[in-house]
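Just so it is clear, A, B, C and D label the chains in written order, and each chain counts residues from 1 on its own.
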Amino acid sequence: MLDMYAEEILERYKDPVNKGSIKNTAAEAHETNPLCGDSLDIYLKIEGGKISGAKFNGFGCAISQAAADILLDTVKGKNVKDVKMLSKGSFLSALGVSLSPARLKCALLSWHALMMALERAG
Amino acid sequence: MLDMYAEEILERYKDPVNKGSIKNTAAEAHETNPLCGDSLDIYLKIEGGKISGAKFNGFGCAISQAAADILLDTVKGKNVKDVKMLSKGSFLSALGVSLSPARLKCALLSWHALMMALERAG
Amino acid sequence: MLDTKKDFPLLKRKISGKDLVYLDSAATSQKPVQVIEAVKEYYENRNANVARSVHKLGEEATEAYENARKAVAKLINANSEKEIIFVRNATEAINLVAYSYFLPIAPSGGKIISTVMEHHSNIVPWQFINSHGMELEFLGIKKDFTLDTENLGRILSPETKLVTVTHASNVLGTVNDPKEISGMAHDNGSLVMLDAAQSVPHMQVDVQDTGCDFMAFSGHKMLGPTGTGILYAKEEHLESMEPFMYGGDMIKEVSLEGTTFNGIPWKFEAGTPNIAGAVGLHAAIDYLEKIGLEKIRRHEAELTEHALDEFSRLGGVEIYGPKNADKRGCVISFNVKGVHPHDVASLLDREGVAIRSGHACAQPLMKRLGVGAVARASGYLYNGKSDFDALVEGLKKVKRVFGV
Amino acid sequence: MLDTKKDFPLLKRKISGKDLVYLDSAATSQKPVQVIEAVKEYYENRNANVARSVHKLGEEATEAYENARKAVAKLINANSEKEIIFVRNATEAINLVAYSYFLPIAPSGGKIISTVMEHHSNIVPWQFINSHGMELEFLGIKKDFTLDTENLGRILSPETKLVTVTHASNVLGTVNDPKEISGMAHDNGSLVMLDAAQSVPHMQVDVQDTGCDFMAFSGHKMLGPTGTGILYAKEEHLESMEPFMYGGDMIKEVSLEGTTFNGIPWKFEAGTPNIAGAVGLHAAIDYLEKIGLEKIRRHEAELTEHALDEFSRLGGVEIYGPKNADKRGCVISFNVKGVHPHDVASLLDREGVAIRSGHACAQPLMKRLGVGAVARASGYLYNGKSDFDALVEGLKKVKRVFGV
C-alpha cells in the first residue's frame, strides 16, 4: 500500500493530468463533501459506448484530487458498461493507498461523482 | 432524637388520639403525597381565635400518621396566630424523630395540611 | 444458579453495618467491574470527540462508539446498526418517537392505544400527543394481572395509529406477548411500540420475533452506565421521521437559508453523544452475552419461584402479579397487610435490604390495583436465593415491629 | 504557567510512536484522574436510582446528584440550583429552550436573532422554530472577526423575542461581550440566550453579570464526563415553560385522564438521569475551582500569545480570528496556504499532534470567511507552550512535504 503522502500522490495533487473541463459533454456531475468543503466536477465525453474523454475540476485535499486524477486515468478508453461495474472497493484497492476511515470519503468523492455522471449519461 | 420506629411513634400510629373528623368545622384541608399514595384530611374547630378542636383522618405510613397525631396535640388550645408561626423546622425538632430526607415529606404532610387549613380559616 | 456477585464491587458494601442486599435492579442495575473498567479505560486511552475527526484518537473514539451501536444491533437482532439510536434513557427513546413520528401527524387525528400497566414514561408522552389532537385509550388488565388482549381486538379501529405496550411490567412482573400484540396491531394497520426497559436486560429479545416497529430500553438497567438509553426503530420509519434535536453532527449541510440532514442513525443524534456511556454499554452487552441471556432468564425464574414460595409461607403479604414464575419477571410488588410500604422499605433498609416503595412510576396501575403504593423487590443475575431469604427475614421483623 | 498534565492519564499516550499532543479540547476535553476516579467510585459505592427512594443507597445517589447541581449553580452564580437543568450536551440545552419556550409561541410570529459565528447547535434549532412561524435573522461579523454589535442596534425591533449568541466562538476564538448584548436586547424587551460551551470551561462566567436569560454549556468540554450538558435558565422562565420530555420523575401526579408536573428543575428531567455523569462533572468543577478559573484564563492567554507569535514567524499561515490574546480564547483556526486542512491534520497526526480540520460545525461562518474548511488547534489548562511548539514543528514538516 502507498503512503497517503507518497511522492506519486503529491505529484498527482500538484500536477494533475486530468484536471480541466470539457465543453458540451455527454455527462457532468457535481459532488461535495460538506465536512471538508471539498467540491468536485466530473466531465465525460462518450463515443460509441466508450469514455473517450474525462476531466475533473474542483478543490480539495491531496487525496481527493489525486484519487480523481488516477480514477480518470483508469476509466479513459473503457466501456461505459464496464466502468459502471467498478465498485468502491475495487477502485480503492486499485488506488492502493492506505487510508484511515475519515479519509476514505475524500478518496471516494470522485468515484461518487463519476457514477452520478454515468447515471445521467444513461 | 427518637428512632423512627420508637415505641412512642408506633403507639401513636396504632392508637392515634386525634384521629377522626369534625362536622361543621371552621377549616378543613386535604393533602396528598402522590409518591407514596398518602392522603390526609385536617379538621379544625376555632373559637375566639383559639384552636379548640382538631382531628385528622386519612391513610399513610407510621411517620405521617404519628406526626399528624402529635402535631394536633401540640396545637390544640393554642392561638391561631401563634400556630401560623410554627415553622417546618421547629415542628420537626419538636417531633424529635431522626428522619432520612426521603421520609421528611411523610412527617411534614400534616404540617402542610394544617397550614392550608389555617390559611382557609382566614 | 449463576454466581456473579463477585464481579459487582458495590455488592460488597455494608449498609448500617449489615451486608447490602440489593433488590432494586428494576430501578437501575449495579455494574460489573468489566463495565466500570471499560469506562475508565476509555477515558484513560481513547477519549475524543466522535465527529468524524481526522486524528487517530478521534478515529478510535468513533470506532468505539460505532462498535457499541453494532453490539446493540446484534443483541436485539436488528437488521442494521442504522436502526439503533443512542439516547439518555428509555424515556427519551419514547419521547423521540412521540415528537418525531407522532407530533407532526397528531393534528390530523387518529388514536393511540397504551395500557394501564405502563410506566409513566409510556403514558405521559402520549398524553402530550393527545393534547395535540390524537385520541388516547388504555387497555386494561385482567384479574390474573395479565393484559386484556381480548379487548385489544375490540378497541383496535381504522383510526388506531399506534399500539404501545410494555414488554415486561415494572410492577406486576407480567411478561406480555409482543408477537400476539404486533400481529393484531399490524393486521389492523397500526404500528407497535414496545417498552422493553424491563425485558431486554433479563431475556433474549429479538426485534424480528417481536415484530415491533419501535422499541425503547435503558442501558443503565442492563449493567451499563447511567445516561444510556436505546431507541430501536425500523429503518423505513427512521428515514421518514422528522429529526428530534437539531444541531451539530445531525446535519449534512447548513447554510443560513436552510439545512439538509444527515443519514440515519446520526440524524437523531445531535451534539456530542455519551461516548463513554456507549463504550460501557458495549462492555455490559459483552458481559450479558458471555453468561447468556437464556441462562439469566432461568436464574431469575428460579429466584422468583423461591421468593414467591417464601412469601406465601410468610403469610400476611399480598402480591400483585402472576403466580407462575415462567410467565413473569423477577419483579415482585407486594404489601404487608397493615403496614405502609414506606415503613416496610425503611425497616428493611436497617437490615441492609434495599427495595423500592411508592407508586413505582405507575400511578394509573396503583389506582387499578386499588392501592396507594406498593413495596417492590426486584432481582437480577447477581442476586441469589439468600438475598430473598434476607428479604423474608426482614419482613418477619417488620411484622414483629408492627405487631401484624 | 500551570503544570497539570500529570493529572491527565490520556496525555501520557503515544500516537504513531510519538508523544500525543492534544490540541482538540474545543471538541471535547480530556479528563483528570480526579474525574475518572469519581465516576468509578460512584459505581463502586453509591450507584442507585435517584427517584426519591427510601433506601440508603438511593438517598446517597440522590444527594450526590443534587450536590452536583448545587456545584454548577455556584460555579456560574445562579440564584438557585433550581435554575440548573442537567441534559446530555449543550445542543440539548439549546433544543430544550427552542422546544419548551419558543415552539409554543412560534405560530404567533416574532423574530429570533442569531449570528453567523454560531456553532450549528445554535443555528439549526432556530431554523426549526423558524419553520414554525418565527422569523430568523443573523448578525454578521466585522473585518476584525468580532461581532457586528453596532448592527444589532439596527436590527432589534419590537418583534425580536430572542437574541442568541455564542459567548466564545469555537472557530475564531472571539470572546463576545454578553453584558453589552444583554443590555441592548433587554432594553428592547428581548430575551437573551448565551451559548457558553466555549466559555464556561475557560473563564469565570457569572450569569448575573452576563445578564442572560438562558445559558447552555457542555460538561464534557470542561473536564467532565461525556453525556453531560447544562441548561441554566432564570427561574421565572423555567416556571412558565412547557415541559420538554415527558415521563417518570418529571411528574407530580399521573392519571389516565391527565397529569400534573413536578416543580423545577425536575419538570425538565424525565427518566433516569446521567447520575454518574453529574458526579463526574462535580469532580471536574471542584478541580477547576481548585486551580481557579482566573488562573486558567491567564494560562490560556499566554498559550495563545505564544502560538500566535510562532505562527506569524512561520509564515504562509492564515489565521481566522482576533490578533489580541486578551480578547480571545485559545482556539486558533488557520489554513496553511496551498495545503488542504485535512492534509494538514493528517500529517500532524503522524507527528502525534491532534488538531481538528473541517468546517468545525460552523458552515455559515466558513462561507463568510470564504473558505471550505479550516484547521483548528485549541488549548486548555493541561497544554503547555511546548505543545504549540510541537504544532509549529509539525507545520514546518507539512510545508516541506507540500513544498509550500
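Here, contacts are C-beta pairs under 8 Å (C-beta built on N, C-alpha and C of every residue); 3 or more make two chains touch, one makes a residue touch a chain.
Nothing here was measured: the structure is a model prediction, and the numbers come from that model.
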Labels of chains that are neighbours to chain B and to chain D: C
Of A-C and B-C, whichever chain pair has more C-beta contact pairs: B-C
Where chain A and chain C are represented by their mean Cα positions, the distance between them in whole Å: 48
Distance between chain centroids, defined by C-alpha means - chain A, chain D (Å): 39
Distance from chain B to chain A - Cα centre to Cα centre, in angstrom: 81
Residues of chain C touching at least two other chains: 52-54, 56, 58, 253, 342, 346, 357-358, 363
Multi-chain contact sites of chain A, meaning residues that touch two or more partners: 34-35, 100, 103
Inter-chain touch pairs (all): A-C, A-D, B-C, B-D, C-D
Complex interface listing, chain D residues touching chain B: 52-54, 56, 58-59, 62-63, 252-253
Chain B - residues contacting chain D, complex: 32, 34-35, 100-103
Chain D - residues contacting chain A, complex: 339-343, 346-347, 357-359, 363, 366, 371-373, 401-403
Partner chain C, residues of chain B touching it in the complex: 4-5, 10, 14, 34-39, 59-63, 100, 103, 106
Residue numbers on chain C that touch chain D, as the complex places them: 9-10, 13, 15-16, 20, 22, 24, 27-28, 30-31, 35-36, 39-40, 43-49, 51-58, 88-92, 94-95, 98, 116, 119-125, 127-128, 138, 218, 220, 225-229, 243, 245-251, 253-256, 258-259, 270-277, 342, 345-346, 348-349, 354-358, 361, 363-364, 367
